[in-house]
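In what comes next, chain A is part of two complexes: it sits with chain B in the first one and with chain C in the second one.
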Partner chain A sequence: MKPEKLYLTEAGLAKLTHDLREAGARVIAPVLATESSSNPVADYREIEDAGRIALGGPLPRLSLKEFFLPPTEALLSWRQVKGDISLDQPSGDYPRTVVVGAFPCDAAALPVLDKVMGWDYRDDPWFGRRKATTIISRACAVKDSSCFCPAVGLSPDSLKGADILLVPVDDSGNNHLVEVLTPAGEELVEAHRDVFESPPDEGKADELRKAALDRASENLDIEPGAIKSWLESNFEHDVWADIADRCHGCGACASVCPTCHCFDIIDEPEGIDRGTRRRNWDTCQASLFTLHGSGHNPRPEQSARYRQRVMHKFAIYPKRFEEILCTGCGRCSRACAAGMDLPEVLRTLDQLASSSEKQTEASSTGGVG
Partner chain B sequence: MRELQELSSKLLSEGDVSVVIGYEEGPRGVRPAFIRTPEETNRLVFDHRAVQNLAVYLSPRRAHLRKRGRPAVVIKGCDARAVAGLLRESQISRDDVVLIGVRCGGVYRDPESNGPLSEENVADRCTGCDLREPGHVDHLVGELPSEPPATDRRKSRIAGIEAMSPEERFDFWSSELERCIRCHACREVCPMCVCERCVCEKTDPSWVESSPHLRGALAWQITHALHLAGRCSDCGECERACPAGIPLSLIKGKVNQVVEDRFDYRAGDDPDVPSPLGDFRLEDDQEFIK
Partner chain C sequence: MSLYRPHLVRIVDLIDETEDTRTLRLELTDPEVAGSFEFKAGQFGEYSVFGSGECTFCIASSPTRDYIECTFKKVGKVTAAMRDLQVGDTMGFRGPYGNRFPLDEMEGKNIVFIAGGIGLAPVRCVIWNTLDLREKFEDLTIVYGARSVGDLVYKRELDEWEERPDVKLWQAVDPGGETPDWKGEVGFVPAILEKAAPKAENSYAIICGPPIMIKFTLPVLEKLGFPKDRVYTTLENRMKCGLGKCGRCNIGHVYVCKDGPVFTATEIEALPPEF
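== the complex of A and B ==
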């Protein structure tokens, strides 16, 4: 489908937000969590009016993941009356939601995760929320040294996972070129045609997009395919002990990650005759994650746990689903109290991969000669 | 800086230690460094960005680090409080480690900061610091810089919470703790969290619910604060590590203040001074025993 292009002004966005809410939708957008101008912090939150939207950044602390796979959710509740046990399950109805101003690295994570969520069983809460949600991404102008979306095949204006893409057309960042990308996006535009203008004023859109891509590309230049091959054939390697020395194993990286999706399921009694089964975020960085009932832990050290995080993202998931389990958002580096840095780790692995390729070439050339 | 690098180089080349744990330039400000050869010691830095408490790497929970040999650790005065805590509680032996104390002129709240220290960017714990020159160390390096600027930021925030009614206070902490995702980063970076298996990881019975609902988050944070009463070294790493931005050092600061008021005790750098919970005195306040 060729994207339809429209134009949305600041006033148009305000009216869209208002009208979406009038129509009963929940509107989620990045908003500033603190007033501090020296160190602004943002979160994705439900908004009541467009005045609070922080389109230009910073990247929200947590990704959009929390709206599709909440940190905790009830799977069922039980109650026992004498011998009878009754179960209550959530209705499976999820509120109609529109995300306005999703960062492309967060939107891109959703279709990546659809693959695992629909793999060995169909994760109904995940797909229920996916179906109820329309994503309006906004081409990203924010970039610091931790961003690396181009290195994992994305870009600051990636369309992946978005139903509509907004591209700023001027330095104010408040007026946007609108690209309608999916039937869900078309439906939204049709229902709110009056807020969009046509033909679009493309302004500096192309220039701003290119500048953002150039900036993000500078941060990291790797061959993910070569890293995947190297990881697959170098499971035991001294490099992990050195990489993981400083890592606390705290798992903050997994919490803020748009693609880390592991969870734990636990039954919590809430009285003598009732309780709730919940699923909660979990992380392979915790030693408890792989602790067996026997007391044996196949990943007894942080180096093995950090390796698992990188392996899952850059070898295991790509092998199974042909997707890198990373969108290059850089949150893991920003959140790390110990200064662990995924771009730096990937650079190290890329060098190991390319030097082992050279060795292979040299030995095969030697064999021929 | 040169003094620190030369000392580290000497310790490594003479085989006293296998690794020097200090600070280096990282991709986002200064970060912990693990230096294993004399040639690498030129990476070591120390300045206002040396925020992290490296004593955490001595914890018995970091057995994998211990296996790689005896460390020397660069510590500021505030970090020396955590080292003293580990020694006091017999979590480490004094011979396990070489302590390189650095004279300190204060640190930022955030290792990515730059520019002169100011009331706005200085770490809360630097105000009134009486340990700018850590004691009980094996080596002491650097000149004593001037005192860091003072801030009453944390004190006034705690006073603000104290002034609230119980309902307001509950609402305040509820709104903060409902962001808690129970990742337990606050625990993993805590040098005094030495338990091999944390009480909130026990499942039979489950003493502390692991779910990140308000009930679970409150139970965990109260547990953490109480387990640190009289033990907390006030390094602030729990708050800095929190990906949800919960002001955890307000809780720890308040508990530390209560311990000081009740027991005339502040965590110090001397491992031989017993902590209130590790000691019994007849004159201890006993009004709570009814």
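== the complex of A and C ==
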């Protein structure tokens, strides 16, 4: 489908936000969490008017993951009356939600995670929220030393996971070219036709897109396919001890990650006759994560746990689901108190991969040269 | 129904296997669920005590019976809570999950069951499954060892298998673990297997026990001539969901909960050394 193109002004966006809310939708957008202009901090939050939307950045501290896989959620509740247990579960109704101004690295994580959430067993809460949500991404113009989306096959204007993409057309960043990408996007545009203009004024859209891609490509140049092959054939390697030496195992990287989806299931009693079974975010960086009841731990060292995180993203998930479990958002590097830097790790692995490829080539051609 | 909602099960019997190991026999409380519930030998479940949480165990009973049994040692929060339950109490059960032992493929063949300690639980499921369908299988041999006589689980069943003419049982305890009246073997499982020397031709082996036992038993099976793709074992790893989502049971790209828990020795050999 060739995307339908429209135009949305600053005033149009404000009206759209207002009308969506009038129509009963919850509108989520990146907003500034602090007033400090020297060190601005943003979060995705529910908004009441478009005036609060921080389209130009910075990248929100947490990804959109929390709106689909909340940090904690009730799976069921139980109640015991005279020895009889009755179970109750959440209704399965999720509020109609529109995300306005999703960063493409966050939107891209959603279809990636659909794979693990849907293989054989469909995770109802995940798909319930996915179905109730329309994603309006906005081409990203933010870039810092931690970003690397082009290195994992994405881009600052990636369409992946978006129902509609907004592309800024001028330096103000407030007026946008609108690309309608999916039936859910079409439905939203149809319902709010009056806020969109046609034909679009494409302005400097192409130029801004290209400039953003060039900037984002500067940070990291790797071959994910070569890294995958190297990881698959070099499970035991000294590099992990070197890399993971600094890692505290705190799991901040997993919390801020748009694609880390590991969870725990625990019971929370509320008094003696009732309680809630909850699912909570968890992290493979904690030693308890894999600890057996016997005391045996398949991943006893931090190096094994860090290797798991990298392998899950760049070898295991691609092998099982044909998707890299990383969108290059760079949050893990920004959040790490120990200075662990995923782009740096990937660069190291890329070098190992390319030197082992060269060795293989050399040995297959006789090694003289 | 939500994936994470367990069936309610009632404890109908409770058997103390050893000082710290107990078997619970469970029946589904909802007749409709009970009527349609099915599982295959080798599958596992998430058992829960409301208020304490969920725990992963194999289904230790045979699918030919109309109940579910699990055998557990008290080691943590959930197993401690399970230990406090009495006959008549209600628990939760999610499952069955995972793959199975290919019993249809084993029909008309000999099967050697090899287990150590509480590792007999998943093997016992297959033993009863084959004994309940005895005419479909050829020679059945069981080699079972535990640290001491007190550590042998399913003692009443061991006695029954000892008596039955249609199954050959070799039971053993580690040197020093015997009692004065112990009539079984004294020695480690690999040595007892070598002594039992089951024929490899037209045979399958099913093995479960501590990693060290498996490590030293596999070469014996190889020496006896068992091809690696006819040697089956079952792995366990810490799990939460059992559904391939929570992300903790994988060994490399292999998810124990979905690709396993049953694997051939060939498949085990291909895994990265992280289990």
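General observations
Just so it is clear, the second predicted complex is superposed on the first by the 365 of 369 C-alpha atoms of A that agree within 3 Å, B and C clash if a C-alpha of one lies under 4 Å from a C-alpha of the other, contacts with A are read in each partner's own complex, and residues count from 1 in each chain.
Just so we're on the same page, a contact is a pair of C-beta atoms (placed from the backbone, for glycine too) under 8 Å apart; a residue touches a chain by one contact, two chains touch by 3 or more.
Keep in mind it's a predicted model, so treat the numbers as computed, not measured.
In the superposition on chain A, no contact is made by A:Lys65 with either chain B or chain C. When the two complexes are overlaid on their common chain A, residue A:His312 makes contact with chain C while staying clear of chain B. In the superposed model, A:His261 lies in contact with chain C only, and not with chain B. Contacts of A:Asp242 after superposition: chain B is touched, whereas chain C is not reached. By the touch criterion defined above, A:Gln80 reaches chain C but does not reach chain B. Once the two complexes are overlaid on the shared chain, A:Arg334 sits against chain B while remaining clear of chain C.
Touched by chain B in one complex and by chain C in the other are residues 264, 266 of chain A. On the side of chain A, the complex with chain C involves touching residues 75-76, 78, 80, 83-85, 87, 89, 92, 116-117, 119-124, 235-236, 261-267, 269, 272, 275, 277, 279, 282, 284, 289-294, 296, 298-299, 304, 308, 311-312, 315-316, 319-320.
Looking at the complex, you find that chain B touches chain A at residues 26-34, 52, 56-57, 64-65, 68, 110-111, 120, 181-185, 187-189, 201, 206, 209-213, 216, 237, 240-245.
If you check the complex, the residues on chain C that touch chain A are 2-6, 8, 48, 50-54, 73, 75-76, 79, 88-90, 211, 236-238, 240-241, 243-248, 250-253, 255, 258, 272-275. Chain A contributes residues 33, 38-39, 41, 61-62, 71-72, 145-146, 241-242, 245-246, 248-252, 254-256, 264, 266, 268, 278, 280-281, 283, 286, 288, 301-303, 333-335, 337-339, 341, 343-344 to its touches with chain B in the complex.
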